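The following blocks contain the structures, represented as structure tokens.
Across the two complexes that follow, chain A remains constant while its partner is chain B and subsequently chain C.
Then we have the complex of A and B:
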């Protein structure tokens, strides 16, 4: 099993190289084709044409496109994303601050979404034919009909303003100070320094944005899980287990759910990828200092190096999530593990 | 009595009122006895098992009569009482062993779950499982226990399920078509194992099957069901040796024999109506199809009468000594092996390379699906290809059709080499060869009408075809395959299984091919419908001098249809020759074992054979 998983990950890593090259080239090309002028955005009002030209040359924007791309790629291989034109700081530094925040938020939102999705799907299945199913079914429609950024606003309105349960700006209450041991992952930092006030504050700040992201993936999971449960419950092995007098609870937990979860699992992989896309708007709405917010700032200021870097990071994250889901799939489905090794 | 039914009636509540899908069924099943429920699909034979397990389909319910298990009222007893019995005192052996086991759990996990259920302590479970698997003659129980179901063959899975069914030493085992999905030789072994376990533990066995001949060998008593009614009931020997009811006789006669002179199979008209049609049946439910029915049969529902001790028949007394259903007509097989050669294959083989591993290297041995073989089919010749699953017979069909590229060898059609695939050979193939698929259900596009389906090939094959031409052609084809022209505008879902298979054949005939390739085309059909299709094929041969490559696992059907046959095993031809010669004097040990594994018509001969040296 471990060997197969490793094999799969190595294969995926090899495949990732051409994908990342394509994505980077595409992003690079599109950004250069747009009428975006990062220098014009960052020069002071009184600058002369000479100042402007000097800046252009210093950022290498006067060279040909392929040249620019190769230079950027060459630096990238040494772990250098270049410098931000707008922030006047290395892109790496900006990303290393924003990435942990986004990862933390996405993990939390992802877990929340999967828990809601699975619990809801099982609930809909158990309540099949009763009014409870209708209620849950209706709720999935509402969840899907409203886009996640609108959910973010609605959540702020209801759980932040009307009934102020959760804070909705930033990652942390302003009066709290960060511990010195900084991994950037505030939950980890808080836990390591045994600061429970900090931990609670971080969690409370994540609650609403994570919920907004979770609502983006939960309803589809609920529906897919429900329909595959409805299919598996008519499978011969379920009938046969029932004929052996196996209890209904055990049938659902041991026989129907694991089999029904397989299609849901591959959906989770796809949805996990989408969730990173969802962070862009959600982070902006909650003023959450993550990659999404960084991306918005960069786009607003035509900060090409930052846009390129963040796009690439998103791509790596999506590929990573898919690889992880595939490994899990391998672990829970013996047919894949033992294919071609039939006794 | 272990299981006792009295006037049991199961009904479907529909918007058109109540339809009895099982009417007035009574029987007694004593410990250590085997009761066979025999009937075609839709006759209601699975209903009794479903009543026992409270697993009736939606809107079905018991409306009359009683069913008791060892004194417990199965129909009115509490759910808890019944749940306590299931798996412990009553157990079930399923039809499809491969899908009846959870693919995500090992055999040990599933067996262990069952042992938990019947209250066996964890510490004792392993030893018990090993013993139970040894009892069903699985050679390496430890390896089986650590396997997943998909790593085992169908026969092995069925043995595991039988082991699980018998491990609690139940009073009753219900086996619903337990061997239908299995190979002939596996069937013999499974029957043997079940019989022995059942006798050792004095278990009562309810054996549900469509195969009267098999039931006659396995069961002590038999109940023959037609359209939800018991038409005949009695000791297996009496039912098989002296069938009284016209339906039982027809059922027996529709099954081609494995020895003796060949006679044309008498086939009943139409097929048994579906459940929705039951309410339209007045008087004797078999009446509309009965070859000896008269006015009296339409009036009242005939009662079961005892004709000899223990042997009951639901037929009017007047009919009793009437003629048997249609006198057998001697079928002269026009075995002219002198027709011109249509298809000739020499040295034909197919080798599947092993799959590439992640480094792109090929790992492990490949599969020799078909080893080099020769085949020749003449006009008017029917060639039977017999073999068990994995013998390569379906790959052979695909090779002939050009759906697979041969690894070696040559195929020629009408003397022209078609081994190399190009537009010309493809066209020649399409003009000469047609394939009839196994499952008419999935072979017919549900969104097309019969007219469109049977003339489908005209769309691409014959240019500029007018709608009138298509209609006329479709009508001809329906007439030729014995279908009513009313069916032209029906859709597959509105047809019965037999009608679908006829449409399937009609479609293949549209280009007036000279050779048909038929892969297990009757294995999914009921015997009476099977007889109709077999006779249709013989008529086509007589009328059109058509050639046929008939792939089947059923020896009796091959004997009935084919003038020459090929026996395949593991991709290899083990025997090849004129059918009568192979049957009367088989040379290869495998062929002999295959013949021995099929239940003979003669009840006196010992079956299953003590030693089945197959698999």
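Then we have the complex of A and C:
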């Protein structure tokens, strides 16, 4: 089993290389269509032509396109993303600060979304035929018709402004200071330094953005889980269990759910990839200092090195999630495992 | 009027019997009417600023001015009028972007599924590469490259979301290819383009219509996102995303002004989702019948 999983991961990694090469070339090419001049936008007002030329050369913008691409790619392979035109700092530094923030937010939002999705799906199934199902079904329709970034604004309005329960700016209350030896994952940092005030503040700041992201994935999970559960209900093992006098709750938890979980699981994977897209706007709205916020800042300032790097990181994250989901899928679906052994 | 085959007629009747389809289509018709009649429906010019009456509340609140039923924004512009004109932008983008994505995606899907082999491999790998991007990220990159503007947003949506049509329709084409009438048509001497247009396209049309409806809702959302971050229309144009961005800065003083454009987006996306969902259920029956 572990061998199969490893085999699959290696295969996926090999497949990811050409995809990432194409992705990087595509991003590079699209950004070079840019009608505006990023250097002109970033030079101070009193700059001379010589200053301008020097900057152009220092960012390598005087060379031909394929040359620029190969130079960028070559540096990339050494872990060098170049320098930000707007922030005047290494892109690597910007990303290493933003990435943990985004990963933390996505993990929290993802868990929240999965919990809501599974609870809602089970709830819809158990309440089938009653008005409660209609209410939950209606709520999925509403959740699906409002995108994450609008949920973010609505949550700020209702739980931040009208009834001020949660903070909605940044990752941490401004009067708290970060512990030293930071990993960048504030929850981990706070827990390691046993600072519970810090931990609570971080959690409170993550609550609304994570909920906005969770609402983005929960309704589809609810629907798919409900319909897979409805399919299992006609299976013999459910009838058998019912004849044995097993309680309805136990039938759902012990018999129907494990068999219905597979389609939901593969959907969870797909949605996990989508969630990274959702973070872009949600982070911007909550002024949450992650990759999405960095991306929006870079886009607004035509900071090409940052845009290229962040886009590539997003693609790596999506491909990574897809590979992990495949492995989990293999682990829980015995039929696939048998197929792998036969092949 | 084209004569419908009995099967198409039955599918049409099933669609009309679906409450989702009727509700979704009804809402969409209503939105189209609002968009067309905007100059007559809107009480004010959407750009007109009345700096003496800024941030007025909607009509049911105290201090409201009946001339501005939903109140005014920070520049004293009529929120209701801006909402009404915003419908035009939303539907314009939804119609053009979704149709463009449909055209590109469907052509590539049918070509890939019909010819198979290297062409199929190439198109499928392109889809794989596109799928590695979160769509918002790709949209932002494209708009940096193409420059901002509402027509650039449409182009970006076409360039991104053709994959949605391509993936779904390609697998449907593959199913169709296994049916007997395709080789039969070949034997009868039909050309490739005849088979693709007259045999395969009609078979996948119900699916195309369903995806098209869903894609229109997505296009409305993407336009709202892009005008929210200032990459779509000019910042003074009445688009829902622009209104949300404006109202967000005054959420403390007038909390409701952010709710109206959100509600407008919600209604529009809901309409397209209901229509798409209803069509899928109604037309799926046709698939079941055909395969069974």
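Of note:
Just so it is clear, the second predicted complex is superposed on the first by the 328 of 343 C-alpha atoms of A that agree within 3 Å, B and C clash if a C-alpha of one lies under 4 Å from a C-alpha of the other, contacts with A are read in each partner's own complex, and residues count from 1 in each chain.
The working rule: contacts are C-beta pairs under 8 Å (C-beta built on N, C-alpha and C of every residue); 3 or more make two chains touch, one makes a residue touch a chain.
Source: prediction; values computed, not measured.
By the touch criterion defined above, A:145 lies against chain C but remains apart from chain B after alignment on the C-alpha atoms of chain A.
Looking at the superposed arrangement, the partner reaching more residues of chain A, out of chain B and chain C, is C. With both structures placed on the common chain, the touch criterion links A:302 to chain C but leaves chain B unconnected. Shared-chain residue A:30: touches chain C; no touch with chain B.
In the overlay built on the shared chain, the residue A:333 is in contact with chain B alone; chain C does not reach it. Shared-chain residue A:22: touches chain C; no touch with chain B.
Once chain A of one complex is fitted onto chain A of the other, the partner contacts of A:272 are absent, as it touches neither chain B nor chain C. Contact with chain B, but none with chain C, is seen for A:246 once the two complexes are overlaid on the shared chain.
No residue of chain A is contacted both by chain B in one complex and by chain C in the other.
Chain A contributes residues 19-20, 22-23, 26-27, 30-36, 141-142, 144-147, 149-150, 153-154, 156-157, 161-162, 273-274, 276-278, 280-281, 284-285, 295-296, 299-300, 302, 307, 310-311, 314-315, 318-319 to its touches with chain C in the complex. Chain C contributes residues 128-129, 131-138, 140-147, 217, 221, 224-225, 228-231, 244, 248, 251-252, 255, 258-259, 262, 265-266, 269-270, 273-274 to its touches with chain A in the complex.
Partner chain A is touched in their complex by these residues of chain B: 53, 55, 83-88, 91-92, 94, 96, 99-106, 113-114, 117, 143, 147-148, 150-152, 161, 164, 354-355, 358, 363-364. Residues of chain A that touch chain B in their complex: 7, 11, 235-237, 239-247, 250, 254-255, 258-259, 332-335, 338, 340-343.
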